[in-house]
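Chains: A, B and C, in written order; residue numbering restarts at 1 for each.
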Amino acid sequence: MSAKKLNLKDKYRLLTRDLDWDFSYEDRKDAFPFEEFEGIKITDWDKWEDPFRLTMDSYWKYQAEKEKKLYAIYDAFSQNNGHLNVSDARYVNAIKIFLTAVSPGELAAHSGFAFTGRQMGGIGARIASQMQSIDELRHIQTQIHAMSHYNKFFDGFDEFSHMHDRVWYISVVKSFFDDARSAGPFEFMVSVGFSFEYVLTNLLFVPFMSGAAYNGDMATVTFGFSAQSDEARHMTLGLEIIKFLLEQHEDNVPIVQKWIDKWLWRGYRILTVVAMMMDYMLPQKVMSWKEAWELYFEQAGGALFKDLERYGIKMPDYTDLIKAEKDHLSHQAWWTFYTNSQATAFHTWIPSDEELDWLSEKYPETFDKYYRPRWELAKEMADKGERYYNEGLPQLCQTCQIPMIYTDVQNDPRDIVYRSTKYQGERFHFCSDQCQHIFEDEPEKYVHAWLPVHQIFQGNCGGPGGLEKVMDYYKLDVGNANMDYVGSPDEERWKNWKGVA
Amino acid sequence: MSKVLIAFQENDESRYIVQAIEQDNPDATVHFEPAMIRIENEGALTINKATVEEMMGCDWEVQSIHVNLLTLTGHIDEDDDYFTIHWNN
Amino acid sequence: MTIEIKTAKMDTVRNTFGHIARRFGDKPATRYQEATYDIAAQTNFHYKPLWDQDHELNDPTRTAIVMEDWYALKDPRQFYYGPYVQSRARMQENAESNFNFFDKRNLAAKLPDGIKENLIKFLIPLRHAEHTANLNNMYCTAYANYCTAVAQATLFEAMDRFGNAQYYSRIGLSLDGNTGDSLVEAKAEWMNNPIWQGLRAYCERTLTIDDWFETFIAQNIVLDTLLDNLYFEQYDVWLSEHGAGDILMLTEFMRERSKESHRWSDSLIKTVVNESDQNADQIKSWISTWRIRAQQALEPLATGLLSEDALAEAYAALAGRLKKIGLAD
């Protein structure tokens, strides 16, 4: 008897689908206690479609192949002092932000997917989560290894782990993943799997990785490309969880809509830093933030939401606001970091004249009117030896934890948006209606946020005392890792290496 | 109709896959960018194992796409002999 | 004449990351070190888990075990992601080759009478036990998240066990000509045959444990040691003696992987036990509870699989392992 030929779908189903069983000796709810508290209704886990039917042995095989290729590049990179090939040492500050803010987020995502990988009731969703969990571990580890070489030659990388738990701008990313991980398993999958990994991923990865490619950073671009095929699997998990939940029960629709609205907003706010990175931190520009948003969200996102209309899902109602913000976002962000750079673990600088002209060209409606004058003033002051640094600390939004720098772009872009809510006798502040709404929906959750600036004022960051205590608490290498690129040890070393006076 | 997108790392193996895609999806547009090949098509795009093998001159597993894939959009359907992405609109 | 390729020497500004230098000294670090130590979030969490308001997101107090430094539980294999997948890729290549050999030469048809039925009744249902092992190790990964040295190792274990489950399923498909009938039968055995109910009940019970370290003990130390001995020592011999030695090719992966994994889990338990009397007492208490449960669970299975003496032999193996890791009776 010759064996029946099995196709991929059937083979995967036979190997995987039937492994779980209906419990007889314990209540299944004791083994899977978190399936119901979010109000999500699952009627039939068998309807889960496995998009990538990757068996474990295939996973090991293809991933090992990718690792071999990747580490061969890492070895070559360090053996040949690859860091000398970047366009300019200013560029390296972009990846300092990546290692301190994004990489630990990968580990947080790994942990969240380990949680859903255990707690989801359906085996298809569990296995996909588990593979994502191990992929995210891959990502933080390969990122650390990519940056390891840079750490040896540049400041601002060496305390990435310590800083992720403490530093003010990094808490923006940490709070995003803490928010996702503290949510229930279904919200977690929608937040990271769908909103982040599906809708917004191209706006995080492509800018950083293309930025690396355009600026001679072989280690990072190779990491990026190697990780991207993992990301394709993550995207499909994100899309599948959405489709599955929406098809399972009509009661799920409003819950999922709420999560989509919340998480696209929180994810979008994080992209503020990416916007500034693209427009201000890359000596060789890839495209403007505005262009990236138009390509990767307005076009690609449009197709997705059109498909989801059939379930009753709508595009969030703030997309017009985001459209209006795209002409302002990067400029407001870089200005904030420039003026607070005594407290950043990366350098900032005034854009060159060519760069100012590029910004004028890319942002014809807003740059010359609202932002170029600031840089002219900054340059004037710097030339006088009075390079400007803020002496106060910025007010942070309670939800997204970003300084309150966002302006009323649809009416008067010079007016800062302030929202506030009183809750149990305390006043909380927000950068936008959307952040306020997120808080008001779950105030008991968001009141616990560890806001860096509040904590500094409360003396919990090495204090009481002045900013020096805070810098110690951050392990921020004052005089080396912070302040302007001009005059920094990074700049001096770069000039020596390149034989430039 | 919405466009689907698929992108590969630019290397020897991917070039054969791209050739196969071009043959089986004649209206698809192919863009070469630094280290990346990006392909777009209206509505749907299909990669056929048989065509790729024809281009490569050797056996090729559909799942080995994982080694070279960068990103894609749309709903996925994969089996032993093909890999497709599509939108429903 | 010697040829030396000269590369430009550059003085580094620092040798490694701050947290690594504080731990190991100011010198270049290994990739395992940089990928593992002190990268997990420790403090200043923003929100309490909605699903567990009594603990932080990363929280060592989710277990009764106390360690001064959880990173003492270094994996002697030094697996981070890269070496792990590469190791398993090599092993799966062998396994693939073995399965192909078995199938191409139609060795299923050459098995002596009754062996196929024996395998479907006694071996293939292990796929369900492996599925439980996958879940239990994911549980450890989720809650040991404050220490990447532990969490990554339990994650690798979880994925391995899922791989095992799929390999047992493939053995079934090799036996039933890809119809899937053997898997249906094996599941029926798992669900209904009295010899399996003890183990099934044990598995379901482990999935309700609260303390993740207790889960680790119940699964990776007590149950696995007993099943490994029954299947990879005793049943292996039985298969060979009954003309079914070809099957050993198909379980090679599971056997070898288990041996290698024990290097890690032995080291982990030994370190935890040596840390304090409280840890040692707590682990002894868990072992004492679960070995009794395992005894009841496995009695019918061991007898049916082999003989009335089989379980005692497995318990001798467990005793040997416990002694090795500092938990002698």
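Just so we're on the same page, a contact is a pair of C-beta atoms (placed from the backbone, for glycine too) under 8 Å apart; a residue touches a chain by one contact, two chains touch by 3 or more.
These numbers come from a predicted model, not from an experiment.
Chemist: Per-chain Cα mean versus the mean over all protein Cα atoms: which chain has them closest together?
Modeler: Of all chains shown, the one whose C-alpha centre lies nearest the global C-alpha mean is A.
Chemist: Per the contact rule at the top, check every chain pair and give me the one with the most C-beta pairs in contact.
Modeler: A-C
Chemist: Taking the mean of the CA coordinates per chain, how far is chain A from chain B in Å?
Modeler: 28
Chemist: Approximately how many whole Å separate the CA-defined centres of chain A and chain C?
Modeler: Centre separation, chain A to chain C: 33 Å.
Chemist: In whole angstrom, how far does the Cα centroid of chain B sit from the Cα centroid of chain C?
Modeler: Roughly 38 Å, centre to centre.
Chemist: Touching two or more other chains, which residues of chain C qualify?
Modeler: In chain C, no residue touches at least two other chains, as defined above.
Chemist: Using the touch rule from the top of the page, what residues of chain A touch 2 or more other chains?
Modeler: 65
Chemist: With touch defined as at the start, can you tell me which chain C residues reach chain A in the complex?
Modeler: Touching chain A: residues 7-8, 10, 12-19, 21, 31, 34-35, 38-51, 57-58, 80-82, 85-86, 88-93, 95-96, 103, 109, 127-128, 130-131, 134-135, 138-139, 141-142, 145, 148, 151-152, 155-156, 158-159, 162-163, 165-167, 169-170, 173-174, 177-180, 183-184, 187, 190-191, 197, 200-201, 204-205, 207-208 of chain C.
Chemist: Applying the document's contact rule, which stretches of chain A touch chain C when the two form their complex?
Modeler: So the residues of chain A touching chain C come out as 1-6, 11, 14-16, 18-21, 23-26, 30-31, 34, 37, 55-57, 59-61, 63-65, 67-68, 71, 79-81, 104, 107-108, 110-111, 114-115, 117-119, 123, 126-127, 130, 133-134, 137-138, 140-142, 144-145, 148, 151-155, 157-162, 164-166, 171, 174-175, 178-179, 181-185, 445-446, 448-450, 455, 475, 489, 493, 497.
Chemist: Report the residues of chain A in contact with chain B in the complex, numbered from low to high.
Modeler: Spelled out, the residues of chain A in touch with chain B are 7-9, 51-54, 58, 62, 65-66, 201-202, 206, 210, 213-214, 221, 225, 228-229, 231-233, 235-236, 239, 299-300, 302-304, 306-307, 310.
Chemist: Which bits of chain B are touching chain A when the two form their complex?
Modeler: So the residues of chain B touching chain A come out as 2-3, 5, 7, 9, 34-36, 62-76, 78-81, 87-89.
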